[in-house]
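Next come two complexes, and both contain chain A; in the first it sits with chain B, in the second with chain C.
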Partner chain A sequence: MAKQILSPLPGTFYRRPAPDQPVYKNEGDSVAVGDVIGLVEVMKSFNEVKSTEAGKIVKFHAENEDAVMAGQPLADLE
Partner chain B sequence: MPIKRLLIANRGEIAVRIIRAARELGIHTIQAHSTADVDSLAVKLADEAIAIGPPQAAKSYLNIPAIIDAAKKTQADAVHPGYGFLAENAEFADACAVAGLVFVGPSANAIRMMGDKVAAREAAMRAGVPTVPGSDGRVDDLETARRVIAETGFPIMIKAAAGGGGRGIRIAANPEEFDRLVPQAKAEALAAFGDGGLYLEKVIERARHIEVQILGDGHRAIHCFERECSLQRRRQKVWEEAPSISLPEAVRRKLCASAVALAEAVHYSGAGTLEYLYDDASGDFYFIEMNTRIQVEHPVTEFITGVDLVREMLKIAGGEKLRLKQSDIFMRGHAIEVRINAEDPAQNFMPAPGTVTELRVPGGNGVRFDTLLYQGYTIPPFYDSLLGKLIVWDEDRPAAIARLIRALHELQIGGVKTTRSLHLALAADPAVASAQFHTRWLEGWLESNATKLAAE
Partner chain C sequence: MAIKVINPGLSTTVQDLGRPGYYHLGIPLSGGMDRFALRAANLLVGNDEGAAVLEAVFMGPELQFASDAIVAVTGAELPPKVDGNVQPTWTAFKVKAGQTLGFDFLKSGARAYIAVQGGIDVPVVLGSRSTYTLGALGGHEGRKLAAGDALKVGGVAKAAKEGRSIPANLRRLPGNPAELRVVPGLYWHRITDAAGTGFFADTWKVAPEADRIGYRFKGGKPLEFVPRKQPFGAGSDPSNIVDACYPYGSIQVPGGTEPIVLHRDAVSGGGYFMVGTVISADMDLIGQLQPHTPAKFVKVDMKGALQARHDRQALLQKLRAAVN
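Now for the complex of A and B:
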């Protein structure tokens, strides 16, 4: 099974640092451990989601502004 | 016409509060809710409920067309906006009027005027209410700004005209910082509020936050005395009380009269709060802003005056004249409210949603707990962290603090971290006991008392 990045918290997932800025990562981008791939807003506080693995993002499972649960896969890596 | 069917366009403890007041008046209650709130206490308590959208507030509790549509579908004749969300949104008040719905609050014009902090400042000046020294109106160029600062000196606050509730504020300590912060503040205000207008206010060091509760019917207004909310973290209130023991009787009379004068000058209808800074060294007070809605901390006023503020709002919105005269309003004893948030004080107040495995609610004489919790409830992560408000009343302030400590010990919320430990530490602090605090006191206290806030 490919590696996955899981949401560390429940909340709202954002792929961009701000609405008028580009996404942190696109599908096909490579990531290193600690790279920020998105934000999860929980109770009005914003938390960075960092990759826990190195690899290439093959697919995002959550879109911008999706509601996510803790432990939910956000992206597949290879 | 009295309200018969009320849509509650809010959530959490305030939705529960509104349902209670409405049902006591024989009003049919309809709870509007996001899909994340289908299991909420408010939905369980209301006569009926209607979904208005997905979890994210922008798509549900802030979605004006969805709320108006829900009101029509459920044949509501009135909408209560609570606090936050659309409570101070003039466009929403307009949309209600267009749809033939009563908006439980002031007119859209009053919201608009008080929502523009510069217009509110000007209205206060016209009504003879003292304001914080600063710019006369909006500051459009650095030349005007420098003239203002020549009189006020540094540090100076740069505030967004469309801001409020502690948002859109920057403090500059010197001219270089000022020149750097103004463009930032303008851009941020434009992005956050759709209005880049700025104004300037002198920084009042060591001020207390004192606010006056008013009720008006569009013609006449009364006050229900003041609340003191000086204990704040990041400009959010943490602990609120009524009355303020720092206020001499003569100052209280002047302060409350100024609030009534301003409310009457703007033909205010419903419940509202005028916020002031109070300098207890000089005895001077300065109007800062008006909140055109019910406030989180309204129960402390209800405890000392016996007036049910949400009931009065509903009656006024239903077309009744203000029933109370100023001479009907007395205060007795002392009330304190503490906010129980789903935050971990030991981890820099990190939000902590989760499932409530155990709930023991405090009770007894003079204790009130307004909450959205029930045992087994899973707190959704999409909204603010307020879980409940513990409010106590007793004959005087020392007795109220003792009662607060007793009630905090009874309160048990299992499964989630809360700010209960912060309030136990504050209630035991000598500076809190003597009310020797100001709006920036708590942040300093938190830095030096982190160890007292270890996880429970």
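Now for the complex of A and C:
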């Protein structure tokens, strides 16, 4: 059963904590519950997206600065 | 009777119909951004239309109830869940003592109104229970809810029935693109005819910064100004004016690039020209716009605006009749 990380909020998705810093996670990285995988910007605040499952990221569905909806899959885990 | 906040969501505040009468002193209207949905939520649970409710934006809170309650969630399609079981929106349902009210992901719209029979009982400040977070005024300690907060619920005034529902044709959400009707304003002469035409012809998009203070829009052509020597007291940018009052709903365009529609927690004055004002009948729709939603401004005259207000009153009468 494939697991996914869903966006909790609508807004703009970022994969990095700041433009001059590396991405939180790459495809192939493992994640633990509570690991930050990106940010969603909305209403002048940046909200961390945390993994609710443990596993390995096999694919990102949203890229840096993509517009995302609440409930939209951001990454597949295995 | 108390409600314990387990998880506050993104920004959940206590709101009622607002705090009119102090805008000239810099204290904004506040209150629900979609007051039609707020009224509907209250009517469903037997409250006065203007009782205090919770306004949750984009993401629902998690609330534990200490005693039985009748609850209704209106506005955005943010499916409520009682101990994990999904409940319909725009419908009164029961939460039993000890149960937790949570929410699924937002499906459409932006702001949900959570009414509890008896209303949220916070102190009345300047005639309203609404939260104005920038001024730390009203609501629950003048701020958005935080985990661990306990909310009191008022005494039950009227009986409420589980299962009572608002008919689908009275549930109002913006279309796609959202259409916001605008009366061109006092400073219309500041932009060129081509800019004025473009403003209404362009499709704009809600910027992620949009909040209770103002809704910012991006993606249309920059407005071109009629050249002038800036008058004494005005800033040097052509979008600057000598400071003036900002009406609720007014659209300022700093630098001529990104229109901002002032909403319930707006500043009351400043030095940006206003291209026009969104009509009162459409302000609720703005409160339901998600970031990146396409929107168009539609030109109307005062007669059209008053007719829209009249139609809106008629819709409100239908809403009242539907729950009786």
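Following the convention adopted for this analysis, the second predicted complex is superposed on the first by the 77 of 78 C-alpha atoms of A that agree within 3 Å, B and C clash if a C-alpha of one lies under 4 Å from a C-alpha of the other, contacts with A are read in each partner's own complex, and residues count from 1 in each chain.
Here, contacts are C-beta pairs under 8 Å (C-beta built on N, C-alpha and C of every residue); 3 or more make two chains touch, one makes a residue touch a chain.
Every value quoted in this text rests on a predicted model; they were computed, and no experiment measured them.
After overlaying the two complexes on the shared chain, residue contacts for A:44 are found with chain B and with chain C alike. Of the two partner chains placed by superposition, A:17 touches none, neither chain B nor chain C.
When the shared chain is aligned, chain B comes close enough to touch A:65, but chain C does not.
In the superposition on chain A, A:73 makes contact with neither chain B nor chain C.
Legend: residue contacts after superposition of the two complexes on their common chain; A:9 is shown touching both chain B and chain C. Overlaid on A, the two complexes show chain B and chain C touching the same residues of chain A, namely 9-12, 41-44, 67. Contact residues on chain C toward chain A in their complex (touch as defined above): 10-11, 57-59, 104-107, 110, 208-211, 290-292.
Taken together, the chain B residues at the contact with chain A in this complex read 36, 54-56, 191, 342-343, 350-351, 353, 380-385. Touching chain C in their complex are the following residues of chain A: 6, 8-12, 41-44, 47, 67, 69-71. By the touch criterion given at the top, residues 9-12, 20, 41-45, 65, 67 of chain A touch chain B in their complex.
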